[in-house]
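See the structures that follow.
Both complexes below contain chain A, partnered by chain B and then by chain C.
The block that comes next holds the complex of A and B.
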């Protein structure tokens, strides 16, 4: 049971708040000799595996660290190009850590506005009159729950498919938003939320919701 | 419980088949436009979900629901997409969609030499079998049929 992350999207589709609550680790570290028996390519400013799935390293996984030092995008911490570094036999044997690429803040902004439009299209394609947008989206690895307030703010929670009590959590987040963001005199509407109390209370609410588990209080 | 409509798309986005049973809201746009919008939405949802997922996925996107309807999605490895919309009371329609693919589409379209692939299915037998199968589903309601 887990709640993965929370997004708050304003009525224009802009991301105003995002929190990663729990990120499951899906990483594999392995030592390689020259030549590297994986095909790597640059995709979206990251070095990802293009071919050669093995030992928990899967196609689409990104290079996260080389010899224990973190890699940011295509470059190592000291500014060297990852592909160049790995094409030089002198650097071998080398230990590389692979894993699912983590979302950059830019990608989060993009995904939030993407969801904003999917939400609208979902309601337009409804076969029944008077439908709202997407309220729950299910995949085999997570469920996305969305609650849109009357003023158009969307609260989106990504959780484990078996996690219950998300509906009441979404109402609770709305309450926290009203109490600690809207009532904060330094908060300007539609702008990114940077309020310490909002952060604290949100984290608390997430923990409570997680503990409540599959038999938690319903909506 | 009700079934509203069913779309079958191929990997290129052509709508191979469309049928509706209980659809109370007219689309408001031409049917062709609607197919494009639906395919575009599913295409975006697929990439959205692949990016959002915290762990590696197997089946990917399964379904979504709004306040009024639920959309079930099944994609074959060859890129065929079966989309069924029902009301909210329906659980998983995955088995039904899988059956539709393996026992109706494959048998009556893929194995039919007169059905060119990648074009809307003209076969009357396919239409009637599909219609009979959907009407026999446990969550297909008899009212207003």
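The block that comes next holds the complex of A and C.
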């Protein structure tokens, strides 16, 4: 039972708040000898495993670190190309850490604006007038719930498909936003939310919702 | 929270503005501006706490303001009447107004001061956040010698969603 992340999108489609709440993701670090038995390729500026899944290293996992030093995209910390490095037998044995790639904040911003546009398209596609827009997006590994207020702010929660009570969680997040973000006199509307109290109360609300599990929070 | 403290704070605010600005129009303008800043934030609190459905007509909105919002925030329920055929001008008659509990009359030389102009700004700001442009003014004011205190709301138009520039 988990709530994976929370996004708050403003009227213009810009991301004003983002929280990742899931448990530490699986990472695997292994030492390899030449030649490498995993097929690697560059995808979206990262080096990912294309084929050769084994021992907790799955297809789609990205190279996170080489010999303990974090890589940035497809280059190591000292600027060398990762694939070139790994194709040279002189560098072996090498210890590589693989894991699910984390979204960078730019990627999150882009995804939020794309979702904003899809949301608008969703309400226009409706055969009935005055439709609400996308309320839920369901996949086999997560459900995305969206709540748009009458003022145009969207609260998006990604959660486990079995997690219940997300509707009331979305309303609760709206209340927390109206309390700790808006009532802060130094917070300007539509700007990124950087309020401690908002963070704390949001995390508390997420924990309450998670504890309630598949039955939702009590009455 | 003490109601007296709230009323006293508002009174102190108006008194200070009167000291800072000579002209009544300026004081009224700044009160309206402050109210606007409050209104644009208060609307979310109102929508979050009252869980109201979307309104589809100006008269529904006027009723909502009088019967739900005023009740929630000031504890009073003004009566609403529609005063024109196009159904976009409404008047809210306030029987009681907690903000003027301790005010007897306007000081000399301040005869066109709208003491509660903050409320007009609040309503205007709140309506703007739900994409409605409106003009809100005090039509009658007991403090100025009229029989009742009346707020006039004129709904002007529905605002288009502004596309703000992204950073």
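In this section, the second predicted complex is superposed on the first by the 204 of 219 C-alpha atoms of A that agree within 3 Å, B and C clash if a C-alpha of one lies under 4 Å from a C-alpha of the other, contacts with A are read in each partner's own complex, and residues count from 1 in each chain.
Definition applied: a contact is a pair of C-beta atoms (placed from the backbone, for glycine too) under 8 Å apart; a residue touches a chain by one contact, two chains touch by 3 or more.
No experiment lies behind these values; they were computed from the predicted model shown.
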**OP:** Would you check which partner chain A:12 touches, where first means chain B only, second means chain C only, and both and neither mean what they say?
**Re:** second
**OP:** Give one of first, second, both or neither to describe whether A:188 is in contact with chain B, with chain C, with both, or with none.
**Re:** neither
Original post:
Looking at the overlay, what does A:158 touch: chain B (first), chain C (second), both, or neither?
Top reply: first
Original post:
So, does A:115 touch the first partner chain B, the second partner chain C, both, or neither?
Top reply: first
Original post:
A:127 contacts which: chain B (first), chain C (second), both, neither?
Top reply: first
Original post:
For A:175, is the partner it touches chain B (first), chain C (second), both, or none of the two (neither)?
Top reply: second
Original post:
A:105 contacts which: chain B (first), chain C (second), both, neither?
Top reply: neither
**OP:** Between chain B and chain C, pick out the one touching the greater number of residues of chain A.
**Re:** B
Subject >> In the complex with chain A, residue positions of chain C that touch it >> reply: 40-41, 43-45, 47-49, 51, 54, 129-131, 161-167
Subject >> Residue numbers on chain A that touch chain B, as the complex places them >> reply: 4-5, 23-24, 26, 58, 60, 100, 103, 107, 111, 114-115, 117-118, 121-142, 144, 158
**OP:** Quick one: which bits of chain B touch chain A in the complex? Just the residue numbers, please.
**Re:** 4-5, 20, 22-25, 27-28, 34, 37-38, 40-41, 44-45, 48-49, 51-69, 71, 85, 87
**OP:** Would you mind writing out the residues of chain A in touch with chain C in their complex?
**Re:** 10-14, 113, 149-153, 171, 174-175, 177-179, 182-183, 189-190
